[in-house]
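First chain A sits with chain B, and in the next complex the same chain sits with chain C.
And now, the complex of A and B:
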């Protein structure tokens, strides 16, 4: 595979995912009645080892390595696991912004209630639907999955997210949420099988490059 | 099997609604009747967004469209959607696609989480009350500490705080081989000030002396009201006698000024005695006794000077 080809495929994926998260931003704006910005600056296709190094770099920047994670495993024709990560210490403020609440006493606290988890489950569902759904629609390959599982992990490492034996590749992207001037930087990690990614890339080549 | 399914759905403690792709209600279970206050008979065949107007929003229509075409599940949380079915119940909504014999139906599960909201609200109230109590306790601790360690009249340290620091500073001086100064200060003729201007003015003069000593000493020195008209100043980390002289000179300069208190012009006179560890003793009692002794010598000398004048 030529380097130029790879860059071009990553650019196409970036474009695709941005269309998806654009729709997610519009849905969330409608739900919470606030203007929301949601962008993915770039998508990188990495082998599992490099993906882990890059992800660990992100986790090092997160306070105490504590992240709130929405994750789903998907199967059918495409197989893998997608995780949406947010710095846990920013989540109370983020949730408060979404719920039009203001609880100063809870800011930076790492304790979450079922209500907080449900809020993130909904946001995770919308964002992951937008990313995977757009990809699945564009390449016309069906994907099946359930609602996301939500968890808070302390001292999280990349092994938590890139751990499937058959999944040798990682699609890694950063996600910038902007609600009323407050920016929250998340990360999206899609760990998938080589076969799945090959299918996606071949379809992209066929659709965009006429190959 | 098919025949028992309606019975099962009727028993479930979740609001179960089945709709077609174009939103027509085909099933509405008893729990949903309880949640919404609407009977099955009046809603079947109606559009769900007409029966539950909170769903009459673009996000719901696009979720239904995506669910019907792609089939991936949808979740709406009670926190983000406050009045999904009624004013009284908080519900999460899960939506799934069910395909049977080429026909697509959409299953809506309304999960009642009102109790969770109530419990969390109670817990937040408790946390808020505890936090309020905690800050009150902290304030009271500060007041208690002030009462325990500071002189009520002058605001400088009392003997309890002096003893605490004197022990600590003496140990440090012994470890480091530095000097530690004990300055005994007595307000001359304080009884006369009280008798002449009254106790109220006398108290204010005592406060002025405490301020004078605090202003003349260094940040880490401890000024303590030791008795009625007596002060003890603890001077840690004295490296040479010059360090002490600088402090003594500042006190001397400040005390020479007559003060105006309650309209009276009062000239202050202080007797001062100073002892040093290790030259004048190795224990607190010895060092305080020595400073006291030097203070009385100074008082005697100043009386003699006054008599001669």
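And now, the complex of A and C:
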């Protein structure tokens, strides 16, 4: 058997998401005009129950559960919700980098202005579009987005992100951005229907069959 | 002065777009709208020379704003600035007769491209 034959559909899906995340990092780097170091994430496809356990571990480890969440739902042929999670206590520094400003007095508190929320909402929008849009282009399945939402959650639990009734699967990627020595351990959580993942995997089969 | 209407529900993106374009051209008067509906109202009221439009917006989507603007003025000059990287979305929007479809985030190169379009359009008036 050729090595290529052993590549699973999940491996290909992981690679497709990695390309999207790489694109997102490059986009972020353009926005803040600084190089962003990025750990290559591993995509994990889990059932909802296991996904919740893994996500709760992350939430406990990072910022003691206080996270800023930017999320967008998508429907049409693919249905689900993608959330971009950042530890809330690192967000002032990150927002300052995005706005090319420096507000020393705001560091580390969890108070955010409308401008802060607007900034992270738009950054989240751009990053999520990079990840989902690139996948959509590759597998040639269109998605329609809802308006992005933004929130800060204290004591966040996985139930906040894995709660769609019909969504049985969770795709999780933990990524660490390093911006000028500040490490931001983020996570991307995609909660989607089993049918959606099947559609993607079937399309991957069709596209990569025999290669 | 060339009148440019920026329609984007993100103040952050409005600021970025304004800053980049202002850096390349001082001959632009900027007007801002924070959703598609406000964009349509300002388009009808101010008759901008160019409209820079985001797609995913509350009240009226960018696609619907472009369609309504084109119904009023078939020659309306629209540049789309969107985070949506889907090829199908680009294909559909480009068929609506927009001057250009540019993906966010804006950078020097893209801003220069927009200013060239605006500059050429202004000279053609």
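One rule holds for everything that comes next: the second predicted complex is superposed on the first by the 195 of 211 C-alpha atoms of A that agree within 3 Å, B and C clash if a C-alpha of one lies under 4 Å from a C-alpha of the other, contacts with A are read in each partner's own complex, and residues count from 1 in each chain.
Following the convention adopted for this analysis, a contact is a pair of C-beta atoms (placed from the backbone, for glycine too) under 8 Å apart; a residue touches a chain by one contact, two chains touch by 3 or more.
Since the model is a prediction, treat every value here as computed from it, not as a measurement.
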Chain B and chain C placed together on chain A: clash or fit? clash
Task: Look at A:70 in the shared chain and tell me whether it touches chain B only, chain C only, both, or neither; answer first, second, both or neither.
output: neither
Note to self: A:113 in the overlay: touching chain B, chain C, both, or neither? Say first, second, both or neither.
What the structure shows: first
| query | In the superposed arrangement, which partner chain does A:83 touch: chain B (first), chain C (second), both, or neither? | reply | neither
Looking at the overlay, does A:18 come into contact with chain B only (first), chain C only (second), both, or neither? neither
Between chain B and chain C, more residues of chain A are touched by B
I'd like to know which partner A:122 touches here: chain B for first, chain C for second, both or neither. both
Note to self: A:134 in the overlay: touching chain B, chain C, both, or neither? Say first, second, both or neither.
What the structure shows: second
Among 81-89, 117-125, 171-179 or 243-251, chain B clashes with chain C only at 81-89
Overlap of the chain B and chain C interfaces on chain A comprises residues 27, 30-31, 98-99, 115, 118-119, 121-122, 125, 129, 133, 136-137, 142-143, 145, 147
Seen from chain A, its contact residues with chain C in the complex are 27, 30-31, 98-99, 115, 118-119, 121-123, 125-126, 129-130, 133-134, 136-137, 142-143, 145, 147-148
Residue positions on chain A within touch of chain B in the complex are 23, 27, 30-32, 95, 98-99, 103, 105, 113-116, 118-119, 121-122, 125, 129, 132-133, 136-137, 142-147
Within the complex, chain A is touched by chain B residues 57-59, 62-63, 66, 70-81, 92, 94, 113, 116-117, 120, 124, 127-128, 131
In the complex, the residues of chain C that touch chain A are 9-13, 56-58, 83-89, 104-105, 107
